[in-house]
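Note that chain A is present in both complexes that follow, paired respectively with chain B and with chain C.
== the complex of A and B ==
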């Protein structure tokens, strides 16, 4: 999931992969709340699911790794419930 | 205190004739149309356009801007950067509060609208991109330019349909004359040619040429066989600067924007007044503002869309103002109609005409309409001595703007 988020950040938003480390936050990349909302749109489209609960976990202050973990957990919970 | 006047110190053009001012001018001087089948319009009743040669928007303006902006913003940014570079101004070193941005935009380019409406129709609300609003609002063209170069003065978009780019330049002129600004980055940008809805809608109202068997012959202003305009796209942006300000930094000056006039036919929602009443009025105001008489104008870059009604009413207006009008050319014969971009592109072309003392030819003038009665430059460029040129623009809604440029 982290690789997928990094791919979106580099390919969709055009951020240089060299800027990204395990502790990079969205804020560090100048990604604001609209950019985060767009990230969720792209993720949901790629994975073919809807995870409204993710909005709370994606904030500019979290690292890409934390966001990936939160997304993976919510996805697993949703899969178990269905 | 000396009277303030307005100099043109920077030019930028992104058009179907080329990416950049030099490429555009050279292609215009070849005098043949750029219209060709357009895969973006495949399957539509009119499936050709004048399209900007492919350029890498990400490389040109930066991927971090491209993902969140529509094509009309890409064109505006790329063109503004060219104009600023040409002006020699350094945005890191200017008083941004004295720098305005005024850009003409008609309906922007609506890049994501078809997908968004489809998502809305099937209830996929979470799939709607949060960028839809800020990527497509017309005022984002001037806003993104301001962010790009730290221009913190007055900033707005102007919408007078096909006259928008010219109207923006007129308003920018007044911001400088009034003392509000020392520099205004002004022009127009639009990409109707990339919109399938625009192509379908203009066709349905009978405005487009349907010459599918011969796209390159479709835009033929003032020709007897003209049957409508050809959709184009593009941006033209000028750096306008108070002449004393330009002189103080020893800037190269291309020309002066000496006068402008705007009017409304107040006649019909789409058709021009049959005798070009509003164009006559706008030209009169522009000449008065420039302190010139009709006889001083050495050339007119006409609006000349290639629709039957526009070209005849415009010719009538020019005869009314000038008696025997000076040589005329029709830039849209080569690059089609860039809607809000058109008036500003033609303004930049008018400046190039002055600086080179050369009028580019009108394409496809094979059988001049005898009812037009103008001296139209065709086939090859014409060398011509000019100290002042006029450019006319006319929009749906009857909105008109005329600009007068003089040699520096």
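== the complex of A and C ==
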């Protein structure tokens, strides 16, 4: 999941992969709240998952690893429910 | 035969041609610390015959807010001419330089212009609202002494931001920038970017190009910008200096911003609207008391005047006009001009009806109908949510005022700038395309 998220973020937002590690936060990537909301939408679309809310889903201080963890949990919950 | 004075419509390509000969610079090199040293200063190309603003080309300008939306369009024109820039930034210099380059690329700068950043721009990290911009006495004086002009673009532009934060950045920040301009031994020209919205709650009539009394404000942002502008007027009078105040209206671009680059206000609005409405009309229905109409469209009533208008101007036209006025201020002999700040509205000659903006939004979200209504009994949950969510835009649905435009009319009459093109439907559609849909 972490690698997927890093790949999506680098590709969609034109970020140099060398700039990113799992401990990179959204803030480190200069994302404001709107860019962050857009990122969440892109991640949802690409991962086929839906978070309960978009804005405020992640704070700018959240790392990509933590975001990956949240999506992984969502996937596990969705799988258990189906 | 084109008028020789009219700036080239694509200066970044034309003025890439270096000037006719070497350009001996008699002035001291620009400030060289505490930021990472840019290395030996490259020789800037001479103003050259195609240059729009030769006096600015031959200057070193301190620019606050250099990483922002408007500044990127100003630098797009200044850098190819050879202007040296001391960027007063809040991020660490290497990050600010990367943001500045990204903003320039997003504004459409060709690679040659972006490459100039490394040679012509020096980032100095500041704390805008601190005494001496948070620099040591020596650093502050060195920056002040190294520049021929100070262009103050930095501001917190959240219309409904926290009043204290708006005051610190916009008012106290301006105070420190004025101190910088006062300290410089070359008596740098001061260019202050205010806003047409310092007119506040004046809903009708023509806003004059002079200092305005505070007469009520629609947002805390405009109040802070009014106070900042007042500091500039007071400063010019008490210091016996001339200053230039630019009051732009809402600046638009029809380019889709690159990811993470600064965007214009309406692009942010369109992006927020797209996020808000992305699940379609049926998902929103339970929050709305109004049913879908026969064609499946959902109506959202916005409180405003049905004949409200807003002044929208292409950012590139704004940048050209501002630079032309700055050039004029730089070359005018001020010895017999009374001190004070000259105000210039940087606005379009024609106001855009708000209904045309709404129609453009409806073209991008075909199931949406936006109605401007003077009264709105029993607002639905959805309408209340849109008010809150779109607060940046819904503040300006009741204006019918216009702006004096003497300065720009004079430049246009003398063919020093072209009048801006109409803000027509194709332009509005491009400006309001949500970035996520455009990518």
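Couple of notes before you dig in:
Going forward, the second predicted complex is superposed on the first by the 76 of 82 C-alpha atoms of A that agree within 3 Å, B and C clash if a C-alpha of one lies under 4 Å from a C-alpha of the other, contacts with A are read in each partner's own complex, and residues count from 1 in each chain.
As a convention for this text, contacts are C-beta pairs under 8 Å (C-beta built on N, C-alpha and C of every residue); 3 or more make two chains touch, one makes a residue touch a chain.
Only a predicted model underlies this, so the values are computations on that prediction, with no experimental measurement involved.
Shared-chain residue A:5: touches no atom of chain B or chain C.
Of the two partner chains placed by superposition, A:67 touches none, neither chain B nor chain C. Once the two complexes are overlaid on the shared chain, A:14 sits against chain B and chain C alike. Legend: residue contacts after superposition of the two complexes on their common chain; A:52 is shown touching chain B, with no touch to chain C. In the superposition on chain A, A:34 contacts both chain B and chain C.
In the superposed model, A:43 lies in contact with neither chain B nor chain C. Of the residues of chain A, those at positions 12-15, 30, 34-35, 37-38, 41 touch chain B in one of the two structures and chain C in the other.
Partner chain A is touched in their complex by these residues of chain C: 95, 99, 258-260, 268, 271-272, 275, 278, 435-436, 439. Chain contact summary for the complex, chain A toward chain C: residues 12-15, 29-31, 34-35, 37-38, 41-42, 54-55. On the side of chain B, the complex with chain A involves touching residues 58, 62-64, 66-68, 126-131, 134. The part of chain A that touches chain B in the complex is made up of residues 12-15, 30, 34-35, 37-38, 40-41, 44-45, 50, 52.
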